[in-house]
Amino acid sequence: MIKVGIVGGTGYTGVELLRLLSQHPQVKITAITSRKEAGMPVSDMYPSLRGRVDLAFTTPDEARLNECDVVFFATPHGVAMAQARELLADGVKIIDLAADFRLKDTAEFERWYGMPHSCPDLLAEAVYGLPELHREAIRKARIVGNPGCYPTSVQLGFAPLLKTPGLVDAAHLIANCASGVSGAGRKAEVHTLLAEASDNFKAYGVKGHRHGPEINQQLRVIAGVAPGSAAVHCVFVPHLIPAIRGIHSTLYARLTPSGQQADLQALFEAHYRDEPFVDVMPAGSAPETRSVRASNFVRIAVHKPAPDLAMVLVVEDNLTKGASGQAVQCMNLMCGLDETTGLLQVPVLP
Amino acid sequence: MIKVGIVGGTGYTGVELLRLLSQHPQVKITAITSRKEAGMPVSDMYPSLRGRVDLAFTTPDEARLNECDVVFFATPHGVAMAQARELLADGVKIIDLAADFRLKDTAEFERWYGMPHSCPDLLAEAVYGLPELHREAIRKARIVGNPGCYPTSVQLGFAPLLKTPGLVDAAHLIANCASGVSGAGRKAEVHTLLAEASDNFKAYGVKGHRHGPEINQQLRVIAGVAPGSAAVHCVFVPHLIPAIRGIHSTLYARLTPSGQQADLQALFEAHYRDEPFVDVMPAGSAPETRSVRASNFVRIAVHKPAPDLAMVLVVEDNLTKGASGQAVQCMNLMCGLDETTGLLQVPVLP
Amino acid sequence: MIKVGIVGGTGYTGVELLRLLSQHPQVKITAITSRKEAGMPVSDMYPSLRGRVDLAFTTPDEARLNECDVVFFATPHGVAMAQARELLADGVKIIDLAADFRLKDTAEFERWYGMPHSCPDLLAEAVYGLPELHREAIRKARIVGNPGCYPTSVQLGFAPLLKTPGLVDAAHLIANCASGVSGAGRKAEVHTLLAEASDNFKAYGVKGHRHGPEINQQLRVIAGVAPGSAAVHCVFVPHLIPAIRGIHSTLYARLTPSGQQADLQALFEAHYRDEPFVDVMPAGSAPETRSVRASNFVRIAVHKPAPDLAMVLVVEDNLTKGASGQAVQCMNLMCGLDETTGLLQVPVLP
Amino acid sequence: MIKVGIVGGTGYTGVELLRLLSQHPQVKITAITSRKEAGMPVSDMYPSLRGRVDLAFTTPDEARLNECDVVFFATPHGVAMAQARELLADGVKIIDLAADFRLKDTAEFERWYGMPHSCPDLLAEAVYGLPELHREAIRKARIVGNPGCYPTSVQLGFAPLLKTPGLVDAAHLIANCASGVSGAGRKAEVHTLLAEASDNFKAYGVKGHRHGPEINQQLRVIAGVAPGSAAVHCVFVPHLIPAIRGIHSTLYARLTPSGQQADLQALFEAHYRDEPFVDVMPAGSAPETRSVRASNFVRIAVHKPAPDLAMVLVVEDNLTKGASGQAVQCMNLMCGLDETTGLLQVPVLP
């Protein structure tokens, strides 16, 4: 059994980790920390876990995380990088669900997250935890920076187009995305109250969103161009869906003359043929977020709404494939398990 | 024109007052106060008011509330009683949408609201602002304690049964109520986040809710029994609807043998025949909250699900008839206007 | 492996059966029938099942249901009773999720379901499929009438009070219930459109609902009184929650003097101590529907809001414990499996 | 008083017309027709209108529409064109909320609406009822084709960019739009059930949507190019919001070098300076649909998310400015009233 610790499990990525890990056949959760809630049984905060998770929150000191095989950080940004070095020294593998190990450029990190990066060497070592794109590196990683929810869907949607050079005008990509409100986390804020966010729709982060630089960094990796290269650029516009879970990305890429000749459906099907969690839907499909609700699956459909325009529709559950499910997928790889272990729940519909 | 001031207009009862008063043909809003947001244009907080309300929030000092004809308190509990005496001395009429002037028993007030009552003499003078039950007193009032949202629906539903002595076992009333989330106000709290309250249903306040003593106090007034009399007692159980607006009350009263003979439908129709805002629906109806959305109307249906049980269904918009609409209705009475002035908006459906 | 057939799997109880059975370690689904959709892959209708359920809908003729070990009827009322005799003759066990085998009184059945009962002998043999109350009979049953969604919650909530004679005034029970919209099924109807049912709340079935007689029949069984006895009577009032899944029942029972002395919390805890799917929450709790979302669990809290009144709060997922999960629980019992096999999914929250 | 008839008022555009017209100071509704519901009081179908609209549905024959000043068609496509000629002959002005008088190309109409156009001469005469773009023509019109909900928002968003030649690459516009479910009308369909559409998000109409040709026809009119000209082309992708009302359009246009120099904020503010219903928000804003809920307002914000990309965000209420409110606005113009008469309701927020 893999001994797992969770740092900061009071938020939505925490409870989703608990839902998945408590059903994982190879995992034993040994500790879950929260300074603020130390002593409270986890199931008092999340009654959905009554009878299934018998742990109480503990302080980090009591948690003996150094005895774990894997520690997940489901914390605010900045926590993982402060604790990583010590845990690594004790042979613990680390998966950070926050942003500490996503942006490779420390100046970029500081600009978007408002704090200097405290361990650039570990950042350099860390692997970006998107298995469909970095599987082999994840297998060998000691530190994984788990991708952001939006970036996961945007990368998986654009990857087949960018991997083949010359299909699209990669300098002018558009990612028009929408997320359920759980993406904002379990924080007491006015704008995500039901009375504010329900029966409503809006764009947000219009002056710039933290997932923008992450998306652009990784699309450049996918396309094989230099960091910061203007050859690949994506405008990212998030919107808020009056729903709990689900991300829907509508991606646009102008096709080059050769791209206009390509069979995009065949391209996508070939690209994802062997992926257990990526479902390329039949031509003409419009995937809906509920079709992946509470599961680790991603569904993708590719369209040509104009002769020179590719449109890719991608859905994922922001808390599962967009966060905790993906983290468990990485853990499986890092621990030598079958990648799908504990992650094959059928989506909940309706 | 009636010069109106609003103290503390940043919450939902505040913006609802602004929606109604900005369309009221006899009102000029002269000031709206918020210490915290002083200087901010109201329409920056509530874009729905752009172009319609040109005021900015001001500090109470700058607001010159003493020059108003009427001041509404859309504030936390305790604010109105601190400012009432001075305003009254200047001839200003006061309508408090919080609870300072609802509970007549100061010990009860202190128990439920956690603070002593600072002006028992004014409390004694204050009129409970439910026009259908206290119209004449409201006309002459200097201070009105605007009823709670739940109590409004419970009183209007039980009143016809309690006004006729001997129809029901008034000592064992049940009010099974449900409210949209806006009833909790525009406060940053976890339990009313969309991701918590949506796709969910629960009872709350099961150990006792502030509206319980208010309901019982007023049902005793309606029945004409002494304060605290055990002859009238109502168990009140609120539930949270995953919706923005709307209160639905399902009221139960055991019928006495004579009550079992009564024509309840005729009783209710006669009772509310002349009320402009109370609609007794045809026998067999089930009113829905959306049928009064964003309006000052209440719809009521009365049933006998068993030969010895009366069931009354009541719907209202918690922010309108349950709060700000009722406050404007009181203002109309206090200022000698037609009671319905500015309050006849057709409900918004769908 | 248990060979399972599903008749009429196009509705919500059908897709929920598929979700559960496709993850059940001891089940092989061999056929799913729909005359109307014959030939269509199940996953075309329900993309959530893509890659997990490879069957297509077939006509009943092609389905060879007689070769199954168990056949579930997820059909409109009246279908199961027409096909039961033949399947039973072939040794197939039957679980009907519709109402054909719930009401023991055929006149009552005809009155509420508008058709005569075609096999009263099988009805007499059929077992009411609520394992917590009829476990041993279910183990031996050939035909199970799976309980209605509301009746499941009402019975589990009242059972501890009714099993001990003399605690409550059983002749005047009230079940004030509320259900998510999926309870109405996947039928094209105006009143359950999102634009009608969202941001809304109402009672319905106020002139009488089919689950009323079922509740009363079964509460009498629990209390051990004769069918139709006036000693036990429950008024049942359903309401519609603007949510997909979830039933919340608020149950009221007047306590007798001896009931007022009883320790209700201890009574409930003792009653359900060994039940794997019934969770009696700590005193003072208010269970919420999302705490059992997409799971087979029921959570119950018992209160005394007045010295002579018991109030029981019960939550379940109407499609799981209220329908398909309970059906699988019955199947497990009928087939000699551990009752919880394939049913221990952790609820999905948020 | 303007005598108004409504043909086919049982749908959402019908009830919204009734909500607006019953509060319009210059209108008397004389008839509302529905063959299917003839005899039923309107307020039986829509309890929100109880006490406010005393009409019953009548058959078209009894309605004496020819005595009206204005007749609104809130009917399925094809009804208005069948009845228009006769009414016009009697001097009645016609406003069609369906699509009969929107598409100027009869072949295009037949392709998208599946029926030949029965009166091309009237189609040629009909004015496209978007007052902000065709005010003077509407004033003089006998027949108005009221715009589609999506096209209204797309045109108002792109118009300032297209009116000035050379700012954008008009041949490659993208309109990524999302609508609340009421846009699908009050029809019993599975895909708009609450249990299907709630807690979900998806694109739809991905193979082509009827509003696509309407958008392209009208953008060409705005840009002053020939019908069908490839110089202007917009890809239109609608999505379904799990909400009742509201359209949000996110519009993208590539800026030319000269467009990159332009002050887009100033351009939009100047363009709409005198429009009573179009609100250009401050730079950096993200309008939300609820800010115009149940009102005739449109709010617009313009952004440059990349140096060579303009993004315009537009919100409207699909049933008001996107349908019935706009129709009343047209009526006001056609009847010589102030354009805003009866249309200045403050949006309902929260």
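Chains here go by letter, A, B, C and D, matching the order in which they are written, and residues are numbered from 1 within each.
By our rule, a residue touches a chain if its C-beta (ideal position, glycine included) is under 8 Å from a C-beta of that chain, and two chains touch if they have at least 3 such contacts.
Since this is a predicted model, take the numbers as computed values, not measurements.
Counting C-beta pairs in contact across A-B and across B-C shows that the higher total falls to B-C. Within the list B-C, B-D or A-C, A-D finds its counterpart interface, over half of the contact pairs alike by residue number, in B-C. Mean C-alpha position of subunit A lies 37 Å from that of subunit C. Each chain gets a centre from the mean of its Cα atoms; for subunit A and subunit B, those two points are 45 Å apart. Once the centre of each chain is set as its mean CA position, subunit B and subunit C turn out to be 39 Å apart. Across the assembly, subunit B contributes residues 12, 180, 182, 186, 195-196, 198-199, 242-245, 287-288, 290, 293, 350 that each touch 2 or more other chains.
By the touch criterion given at the top, residues 12, 15, 18-19, 22-23, 46-52, 182, 186, 198-199, 244-245, 279, 281, 287-288, 290-295, 297, 299, 319, 344-350 of subunit C touch subunit A in their complex. Residue ranges on subunit D touching subunit C, taken from their complex, read 12, 180-182, 184, 186-190, 192-199, 242-244. Here subunit B touches subunit C in the complex through residues 172, 174, 176, 178, 180, 195-196, 198-204, 206-207, 233, 235, 237, 239, 241-246, 248, 250, 252, 254, 284-290, 293, 301, 303, 305-306, 308-309, 311, 313, 315, 350, going by the rule given at the top.
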